[in-house]
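Every chain is named by a letter (A, B, C and D) in the order it is written, and numbering of its residues begins at 1.
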Amino acid sequence: MEKMKTQIKKIDKNIMGLIIIAVLITLVMGILQPKAFLSVKNFQGMGSQFPEFGILAFGMMLAMISGGIDLSLVGIANLSGIVGAIVMVAMGGTLPAMLIGILCALVVGAICGAFNGFFIGYLRIPAMLVTLCGLQLYTGIGLIITKGPAITGLPQSFTLLTNGTVLGIPVPVVIFAIVVVMMCFLMKSTTYGKELCFMGSNHIASRYAGINNLKVTMITYMTSGVLGAISGILMVSHYNSAKSDYGSSYTLLTLLIAVLGGTHPDGGKGKVIGVTLAIIVLQLVSSAFNILRVNAFIKTCVWGLILIVVMVATHLIERKKVTR
Amino acid sequence: GCGTVESSQGTSSDSNTSSNSSAPSTDGGDSKGEEKDYKIAVVPKLTSIAWFQRMEVGVKEYAKETGVDAFYTGPSEGDGALQAQVIEDLIAQDVDAICVVPFSTESLEPVLKKARDAGIVVIAHEASGMENIDYDIEAFDNDEYGRHFMEKLGEITGGEGEYILEVGALTSQSHNQWVDASRALQEEKFPNMKVYGDKIETADDQSTSYNKVKEVLTANPSIAAIQGSAMADVAGAALAVEELGLAGKVKIAGTSLVSVSGKYVENGTIDMISFWDPALAGKAMIELALKVLNEEDVTTGLNLGIEGYDNLTLTDKVLTGQAWIDVTKDNVNDPAYDF
Amino acid sequence: MHKKVKQIVSSNEMIVAYMIIGLSLIIGIVNPIFFGPQTGISLVRAMLVTLIFAIAEMLVIVSGGIDVSFPAVACMSLYATIKFMNAFEIDSALFAFAMAGGIGLGFGFINAVLISKVKIPPLIATLGVSSLVNGATLAFLGAKDISKIPPNVDRLSQQFIYTYINQDGIKYSLTILVLIPIVLYILGYFILKHTMLGRGIYAIGGDKNAARIAGFSITKIQFIVYMTAGLLAGIGGMTYTILMRQASPQVLMGSEMMVIAAVVIGGTRITGGHGTVFGTILGVTLIALVQNNLIMLGIPTHFQTFIVGLIIVIGTVITSIRVRHIEAKAKI
Amino acid sequence: MGDVFLQLDGIKKSFGGVHALKGVDLEVRLGEVHCLAGENGCGKSTLIKVISGVHDATEGTIIIEGKKINKLTPIDAIKMGIQVIYQDFAIFPNLTVAENIAMNQALMTGAKRMDWKKARILAKEAMERIGVNIDPDVLVERLSVANKQIVAICRAIMNDAKLVILDEPTTALTAKEVERLNEIIINLKNKNIAVVIVNHKLDEIYQIAEKLTVLRNGKNVAHGLIEEFDRQRFIKCLTGREIEEALYRPEESKEEILRVEHYTKKGAFEDISFNLHKGDVLGITGLLGSGRGEIGDALFGLAPAESGTVLLNEKKIMIKSVQDAVKHKIAYVPEDRLTQGLFLERSIEDNTIAASVKKYFNQFKLDHAAMLETTKMWIQKIGCVASSPQAPINTLSGGNAQKVVIAKWLNTEPDLIILNGPTVGVDIGAKADIHKILHELASQGVGVIIISDDLSEIIHNCNKVIVLQNGRIVAKESSKDLDEAKLSALLSSEINKRGGH
């Protein structure tokens, strides 16, 4: 019983930390800029921003739990967005066309993920290398398809997907919430979720336990790819166009979110709730910076700083735990 | 206005109209007395390059001199998605006007539509084809600007020889417009000149420009002139030309900044660079936004009281000025152009 | 002896060499201009800075780590140095390299602390430092390109050790800066192969635990490795500035991918412990060849990202499969 | 006998919560051959690592040549003349044989340069001393286990050490090589060098040792001159018990569970044929590198065999992957518990259900309650001492953790269970528990194969034994006809010449 309590305490520390940060930012901003920060509009504005990179961050989380990393997510997002957009435009922008376009995008995401998974799981090339190459390849294919310029001429109604609201809640937030629920289910209630954690904790032991590491790896990167595609679809809708270099700055951001959300860089550990909170915290920080008109470079600088500080803090906490 | 239309002559150095101190002159700005406290945001493509840092200088100056709450904010990287997010935040903050230089025009249409739906005035720059804007303001007519390079190159090469055209990206609308106009003029006015190969794409990167120009000069040593479009194009070209021992033999002109290509202009490897002052463009955007907010008339002949933007031509939603600056060996050391 | 020959002919290096030769033949057949001294000179110049970064990266990877912060560190080093020198009117090439190298060394130290002391995974630590350094450069030093390089420094770009003039009278000159990678690679070869420090780098990359037990100081070696990588990033940055005659705070960002790819294709195992100086040169050559001659092959611009990616994937897969092959071979 | 070189007093060492050493004393004199004995997992290797500065002792004092050492680092230890052959060799796979051998010397002298010529000469000399000949320029990752062990030995003996420690140096060696090693040890002793040797094989101990220290469960239980220990006392000290364990000798049955024929994997094992009847516990033994582990790996699909047939319950099956093996209800308890058997940071519950997650997926979700129930059931059934099913597995003692590894497989209800070193690092009590579980399984009709180099374990628990050398079966015996001495002779006799050197 004792142990269970301490364990609950341990889990909550990370999540508590994130909640405290979120509350602090809201408080400080509420005092400094109540009108700008606490307005419904501002929260709606945030709501149309974070789902894009938030959904990518879940892909990164899965890859990191498996003991790898997925640096190709942005490439996948854009490639699947491009394919989806082309299909929609080619089919005339009707509702079925949009649905088929979305489907195509998801399939492309899954294929790219399968490619990553194959090289990582079957050929056992380190994930970092594979996905770095993958980023280059998918971006390259995107460029070949578009020849550079953005694909436009998408049906106007498609922009509603991200620019509309449901009961005052931006549609992307609704989609994001669905993704969160599905991720929770995937991690908690499926065989795959359990096996993923096993493989990430100790991939040798998981092989010796009869877990099909190749299959788990394939599912991981394919899911990651599909999440990339969902994010890609959101971007296509948000920007009403598709291009091979949208969101190129999201890679670092997703990595930062995953680590901040308590995902262990060596694999095996990661919580959907932690990552969700980290996404929200980052969006709050970003929005606060914008309202305070902080120089964008400081933001880049601070992202790096947060990443390092989180890692150092984790290290210190863990060391204290060991010596105790 | 002080009326420095430095178009084709481009030699008058006008050191008296030092551009970084030129606030909107009073005759253009008298309408500002009665306005309420407007909040106007200026959003560049990205903040990490010299060009847009110069724009920031202009915005800050404007805010300081007029007391209007005009501010500069933007993404640190060239990424259409990031720029859109900045604008989302601005919409949430209830700004009165957004002045934007779109990184990728397509990706901004939906979010600018949102801004306009929220009653925000949207002024764009370098984005003449956009739909969801109030007005777009251009420093000059792109065709005219492109042609003036060929005038210069034709003149100094004596209208003979092959030349190459560089663009930052094959997808860049303005770059292509410049070189196309330039080529059209050459065919008409300098029939003995001939373009060599395709447009060269440099990805706005100096070393790419360097490497590609070098490759072309190797393949065809009879090149007589080079016209660049992106900021780094002529600098890279000049470096290649110098290294291959062809300085003076190959004439170079194109868009660039003194901070990028100044020394090649000074030593004569580059014959002329042209640019428009981003600081002034920033000021012009804000000034125009104010006029729209105050529901003043916007018609051809509009005078924003800013050098080069004092007699604008309106076609559709696009206002065009005559704000380009030519820099040659003679005026390269003018402190007014030191950016 | 016969066995040795066979070993060398089928070594990793030679496979890359075959790829280089094959590719050269194809380019040469499509465009005969390729075969000429100017190609060599241009290629060396295009590779020069990458070579400097590559040997640093190779060092780090052999030791069992990775460094993606070098582009940001290089940019900070070169930009801060030129700015400082202009502000205080210092005009010495030696100072330029010393200061740039020193700044790099400092960030290398930070990397080393995070990786060796705090035990952050190298990829994440250096990614964080990269973001930090890049943001700081732009926020605190500015974003403007500086073309005013102190004359004595700038002059280096016009010093050549060999000039070839073709029949059209075009000069192809080999810059004196090529001596930097040459010296570095000779030094690198010597240190890695013939000093205990070098063997220690391989040792900790091969088996950290065994290295600790054998009496190597892992911390010390990691500090040396990451600080050297920082130093070389600074020197590489300064070299780039001199070559391009311009100091820009962002230019090198994003070059880490190609450098890592070049190192891996050159036979360095990303898991550490294996890699040679010669292989690294070949890896850089192969990538430079692909990057700089796609136009000669007439491949459209929008295909280039993909083709470069494809070559890297092929190179990586070949290296990885070879590793598996060696591991599966019967033991003696 | 010479002066006291090393003295340890009350050394304690714990890893997290596991107490590997609970107060050990040791005295080693120059010129003596001192044997450190004890069952698997009693803390011998840990003690050695404390002496060589790899581990910091949690408590206790180390006195070397009369000087009290406060903090000992590996390089200090080397400089003080302590050379070690570690049980896991601790050599560099990515470096050449010559380098591996010469490395310590260079580090000890604090050399800055790597002298390749000298390294080769030194390596050749060292190898000549034990009469082997391995190409000094080949990378160690290309070597077989036996040759790796030889490299480790060469590295330790070539220096002018004052104390040479050998942690189970003969696990992969043939009788002849063992003889050579013994000669070298005598040589060292004659040079007034102290030698500490860890060994499980009683015969080898009696051949060479002068002094004996016995550890049990992280504590000293006896020490003295070897003459003071007859075999019986020795065994009693080791195990802590007077009477020998009961032998497992079931009745012969005709019902065949497993038949393996001409099983071959190049470089690992060749032409292996055996069968297993209902009630049988089959023992597979051999030296390190003899292919004993590889047969287990192959039957579990980890490194599938290339040819041969396997019949399980009279049906021919193909095992090309772990999934095939799992599908045919084969279970495998791996050799290295820490890296292959356990998910160290995860809970007991997770570790228990790791191989059978699928069972708990019904009605579109995982049944967490059922998982917990199962875990509790197994904790009880196997007699695992644990505070809660949620406790991380690394808080358990070695024996209890091993029980969980076995429970993990039993939860899959296997038809055949293969255990590679089932009781390494497990204390007597737990060991007996585990053996009891295995006997029960066998009598219930589950095929049980024990792969082990613990000869007493094999003789006591298996009714059939096969002995391997260089991947071939050299003896198939019923354990009725065997005793430890005979089995030991079979292991290292040179029936099958080793290739390579």
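Brief remarks on what is shown
Assume a contact is a pair of C-beta atoms (placed from the backbone, for glycine too) under 8 Å apart; a residue touches a chain by one contact, two chains touch by 3 or more.
According to UniProt, the chain labels map to these proteins: A, C = ABC transporter permease; D = Sugar ABC transporter ATP-binding protein.
These numbers were taken from a predicted model, which means no experiment stands behind them.
Touching chain B and chain C (ABC transporter permease) together: A.
Pairs C-D and A-B differ in how many C-beta pairs touch across them, and the larger number is found at A-B. Among the other chains, D has the CA centre that is most remote from the centre of chain C (ABC transporter permease). Our note on geometry: chain B versus chain D, Cα centroid distance of 74 Å, whole angstroms.
Taking the mean of the C-alpha atoms as each chain's centre, chain C (ABC transporter permease) and chain D sit 44 Å apart. Between the Cα centres of chain A (ABC transporter permease) and chain B there is a gap of 37 Å.
The mean-CA centres of chain A (ABC transporter permease) and chain C (ABC transporter permease) are about 31 angstrom from one another, to the nearest whole unit.
The multi-chain contact residues of chain D, meaning those touching 2 or more other chains, do not exist; every residue touches at most one other chain.
Multi-chain contact residues, meaning those touching two or more other chains, occur in chain A (ABC transporter permease) at positions 147-148, 295, 297, 299-300.
Listed for chain B are residues 47-48, 76, 170, each touching two or more other chains. Applying the touch definition to every pair of chains gives A-B, A-C, A-D, B-C, C-D. Within the complex formed with chain B, the residues of chain A (ABC transporter permease) that make contact are 36, 39, 41-46, 48-49, 52, 147-150, 152, 159, 162-163, 235, 237-241, 243, 245-250, 286-287, 290-291, 293, 295-297, 299-300.
On the chain B side of its complex with chain A (ABC transporter permease), the touching residues are 47-48, 71, 73-77, 79-82, 84-86, 88-94, 104, 106-111, 113-114, 169-171.
Residues 52, 54, 73-75, 77-78, 84, 86, 89-95, 99, 103-104, 106-108, 111-114, 116, 134-135, 138, 141-145, 147, 266-267, 500 of chain D are the ones that touch chain C (ABC transporter permease) when the two sit in their complex.
For chain C (ABC transporter permease) in complex with chain B, the touching residues are 33, 38, 42, 46, 135, 138, 142-148, 165-166, 168-173, 244-246, 248-251, 292, 295-296, 301.
The residues of chain A (ABC transporter permease) lying in touch with chain C (ABC transporter permease) in their complex are 69, 119, 123-126, 128-130, 132-133, 135-137, 139-141, 143-144, 146-148, 252, 255, 259, 265-266, 295, 297-305, 307-308, 311-312, 315.
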